[in-house]
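Chains here go by letter, A, B, C and D, matching the order in which they are written, and residues are numbered from 1 within each.
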Amino acid sequence: MSGGRLAATDVVVGYSRGSRVLDRASLAVPEGRRLAVLGANGSGKTTLLRCLSGALVPASGRISLDDAALEHTRRGLQAHRQQVQLVLQDPDDQLFSASVAQDVSFGPLNMDLAEDEVRARVVEALELLAVTGLAARPTHQLSYGERKRVAIAGAVAMRPRVLLLDEPTAGLDPSAVTEALAALDRLQRRGSTVVMSTHDVDLALGWADEVAVVVDGRVVQGEPEPVLGDDALLARARLDRPWALSVGARLHQLGLLPEGPLPRDTEALLAALPTGTAPTTPGRS
Amino acid sequence: MSGGRLAATDVVVGYSRGSRVLDRASLAVPEGRRLAVLGANGSGKTTLLRCLSGALVPASGRISLDDAALEHTRRGLQAHRQQVQLVLQDPDDQLFSASVAQDVSFGPLNMDLAEDEVRARVVEALELLAVTGLAARPTHQLSYGERKRVAIAGAVAMRPRVLLLDEPTAGLDPSAVTEALAALDRLQRRGSTVVMSTHDVDLALGWADEVAVVVDGRVVQGEPEPVLGDDALLARARLDRPWALSVGARLHQLGLLPEGPLPRDTEALLAALPTGTAPTTPGRS
Amino acid sequence: MHIAEGFLPPAHAIGWTIAAAPFVVHGARAVVKEVRENPESTLLLGAAGAFTFVLSAIKLPSVTGSSSHPTGTGVGAILFRPPVMALLGTVVLLFQALLLAHGGLTTLGANAFSMAVVGPWAGYGTYRLARRASGNLLVGVFAGMMIADLSTYVTTSLQLALAFPDAESGFLGAAVKFLGVFAVTQVPLAVAEGFLGVLLFRVLTVN
Amino acid sequence: MTGLAVDDAAWASTWRPRAVGDKLLLTLGLVLCALVLPVWPGSLLVGLTAVGLALGPARVPARVFARAVRLPLAFVAVGAVTAVVQVSTDGIGWAPDAAATGGALVGHALAGGAAVMLLATTTPVSDLLPALRRARVPAAVVEVASMIYRLLFVLLISMRTIREAQTSRLGYSTARRSYRSSGLLAAAVLTRSWDRARRLQGGLAGRGMTTDLRVLPEVLPSSRSFLAGTVLGLTVLCGLTVVLS
């Protein structure tokens, strides 16, 4: 476990009932790559993200940034939070202000930045999340998807090096998911490392450069294809195998897909398949 | 529009801002079949379900059960609610009693049933939803997936003929989705009509006998394949085309799938494809 | 039932504002101290105030067939003590005046005196006495919330009687009139709020 | 929408971007005029001004404004009738100047109510709270008030959803069940409110919350012509009242 600037090493988190949520879990966040943290509900993926963000103190093990261990002191946490931000699943757990722009300004102001700088960061964060039009709207009138994006903007305005997102696409419809992923792309291009937790294996396969599956309190990390193609692991993790890997593998056997990595989503699969002669829509409508 | 025992006809629901949420929407719930109501967030699918359940009074149009129009009087609604139950998306706002068994007994107790009968219905509902083990647990200790199933059990204990579910699988991980769908299957086999709203087109294609897409305030209803294969409709509705239809259509053109309806999920697709010689897992792990 | 905007003569509006002010300032000091010692309590107090606002929007069926709303200050007084409630109640009254057109700005002082000062103190006192006398939490809650509700309306009636004394029988005659209209009719609703408190605390103590 | 029509109107009003001080001067001026000027023609003029400004330049929907002003009418009517009924040894009767006194009460209340609603339908409560801060109200109190404003919408949605679920399961079919359901509802909303506060605390700690909830102040520029118009208008209103009465 090394190479990641943000990392968890042998982290143990135990809850009251005796069973451990995380049991010597280790994760290295690869810098500049997209990491999807996968796991069933209750597997401990949120707990892992909360440990990485400093919100939760593990019973043992360490969280490190640039190989320096995080100290859970007021000062240590304050420094850590300027580099690592966690966006929670429920936006109502992070939005407190009546106005969108004011809410986004909260984090930068807590960093003791000058007012002009705060203002600039608010504008930038709203733009990156494509919610500039909502700046003057009251928080309580926003839709769920809009509140989610404003909550992300609140973290982005602090310009963290690593952005951790707990289920950013949960509850969003397909077009909102597309918009959210596009916003994450813009963030990444700007140099942030983006980590997303999800239980949607198809989404993870299509989006991530690297995946980490939280199972039995530990983490299995690696490239998407081998990890998400490991049926035994997925069964233990109570996750499904992505359809694209199942279908792709069969089509590969049938000689219909070229050598190399399997396509990861519908578009890639259709592009890789030989074209037929009839139109692509089925003729039954 | 006829044949359905529960139906909405030319329903109009308008909000203050002038734009109508539902604009002469009509839907017939086919008895004994699985109906998926699809739409983006904010499309009005929840509004439609709330109209069908009697919770919302449409500005015009009618809701009918067995061809008798629902009257929004105290008595009319009370009779309607014994036949039609709606389970809302967020279980947190539907569980309000201290323990699971108490919460599930709330509806039957309000139906003036004898105590033995109430007890029997609670047991039955908990069994149908596979949450018998949770009966004595306080509701706030349950996981999200468990709370969702308990909320459904609360409606099921009233033995409605039609069960309307708003996004019953949202926020659930794959194994919880499987469990929820299995519970809905048991309900249906027992004679209930099950209607589910969702924005997951893949889920709808795999589950539903019939689909209804809510778009621009109206409803387009029909068999899953033609409706979910209609790209123009899906674009207007801000929904994706199910991957199985896209991939299946291409494979059909390539002569790899037999004539007849396209497979609707991974298992069906793999079963319909010719088998290759190599093992089904990709050889790269 | 709050006194509507413009209903009280200017002298009375000013007088009640002065009467309520020390209690509200005292409550504000308590809140400032609490927040200084414990910054997170901003959120908890905000939640308590929001709950009071929302509770007063719950419709209670009354015996007479009409419906009314609980004052909600009794439960707050028992949970958060009367000084804090004096402040939270006043903020909630301001929000009700602006968001629901319920009450008013020039009558805020009079309404705060009845609902955020007298109601919580009377309710809390009754709660302590009844709880000690009976040895039972729920008896205390019932009596406390009933008296918090009732004393609020008695105060409102007396405020109106002071502002509009009867031409012949003076303040006493007016008090009889206003009590008859605004407080006696409230008795079943006060009992209802007491029951609501019992149901509420029963659920809370089970959890 | 949130379901609080006055709040929705305030956020949508064309006067929302105006400086809060400007609007406060105008509306509080009208509120005071409604209180102290004689009912004829003072109340009428204040009422007409408030309604005219709200429906005209501030673009408040007429339905919302009418409903908001109508809401306290039940109290005003009952209160005014009670005030002018006389109780004497020979029974109940009207006070000698019942019509005039009652009319004055209703007039003052309606005019004052309309003036307060002009403020409420053009200025979100969250805009008024920073003004309290400038009036030397302690920051902690203003922050608590801001949290009340934010959380009350979250809790209102919870309350409505829980009540809808209870209603659907026949929880309000008789008076006795209604009591029981209301008690469960109140308890559920109370536990939700604590839970909300606790979770928000965690969320804000992660965003670097230290001791206060500091945000960037919103700059709403004051308008000289609006202020001049306000002073002139209020002077004319008072002058007319004195001349006519």
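Note that a residue touches a chain if its C-beta (ideal position, glycine included) is under 8 Å from a C-beta of that chain, and two chains touch if they have at least 3 such contacts.
According to UniProt, the chain labels map to these proteins: A, B = ABC transporter ATP-binding protein; D = Cobalt ECF transporter T component CbiQ.
Note that the structure is predicted; figures quoted are calculated from it, not measured.
Engineer: Enumerate, in label order, the chains that touch chain B and chain C alike.
Structural biologist: The common neighbours are D.
Engineer: As a test of understanding: of all chains, whose mean C-alpha position lies farthest from that of chain C?
Structural biologist: Centre of mass proxy via C-alpha means gives A as farthest from chain C.
Engineer: Distance-wise, how many Å sit between the C-alpha centres of chain A and chain D, to the nearest whole number?
Structural biologist: Taking the average C-alpha coordinate of chain A and of chain D, the gap between them is 43 Å.
Engineer: Approximately how many whole Å separate the CA-defined centres of chain B and chain D?
Structural biologist: Centres of chain B and chain D (C-alpha means) sit 41 Å apart.
Engineer: Just give me the whole-number Å value for how far the CA centre of chain A lies from that of chain C.
Structural biologist: Centres of chain A and chain C (C-alpha means) sit 48 Å apart.
Engineer: Using the average of all C-alpha atoms in each chain as its centre, how far is it in Å between chain A and chain B?
Structural biologist: One centre to the other, that is 29 Å.
Engineer: Residues of chain D touching 2+ other chains?
Structural biologist: Correct list: 1, 7-8, 125, 146-147, 149-150, 154, 184-185, 187-188, 191, 196, 200, 204, 209-210, 213.
Engineer: Residues of chain A touching 2+ other chains?
Structural biologist: Each of 96 in chain A touches at least two other chains.
Engineer: Could you pull out the residues of chain C that touch at least 2 other chains?
Structural biologist: Touching at least two other chains: 43, 203, 207.
Engineer: How about chain D: which of its residues touch chain C in the complex?
Structural biologist: 4, 6-7, 28, 31-32, 34-36, 68-69, 71-72, 75-76, 78-79, 82-83, 85-88, 95-96, 105, 108-113, 115-117, 119-120, 125, 128, 137-138, 140-141, 143-152, 154-156, 159, 175, 178-180, 182-191, 193-194, 196-198, 200-201, 204, 209-213
Engineer: State the interface residues of chain C toward chain D in the complex, per the touch definition above.
Structural biologist: 1-7, 10, 13, 28, 31-32, 35-36, 39-40, 42-51, 53-55, 57-61, 63, 70, 75, 87-88, 91-92, 95, 97-106, 160, 164, 166-169, 173-174, 176-178, 181-182, 192, 195-196, 198-204, 207
Engineer: Residues of chain A touching chain B in their complex?
Structural biologist: On the chain A side, the touching residues are 39-42, 143-145, 170-176, 199, 201, 225-226, 229-231, 238-240, 243-254, 256, 262, 265-266, 269-270, 273-274, 276-278, 280-282, 284-285.
Engineer: Going by the contact rule set out above, which residues of chain B touch chain D in the complex?
Structural biologist: 15-17, 50, 53-55, 74, 78, 81-82, 85-86, 88, 90, 92-94, 96-97, 106-107, 110-111, 140, 151, 154-155, 158
Engineer: For the complex, give me every residue of chain D touching chain B.
Structural biologist: For this pair, the touching residues of chain D are 1, 5, 8, 61, 157-158, 161-162, 164-171, 173, 177, 184-185, 187-188, 191-192.
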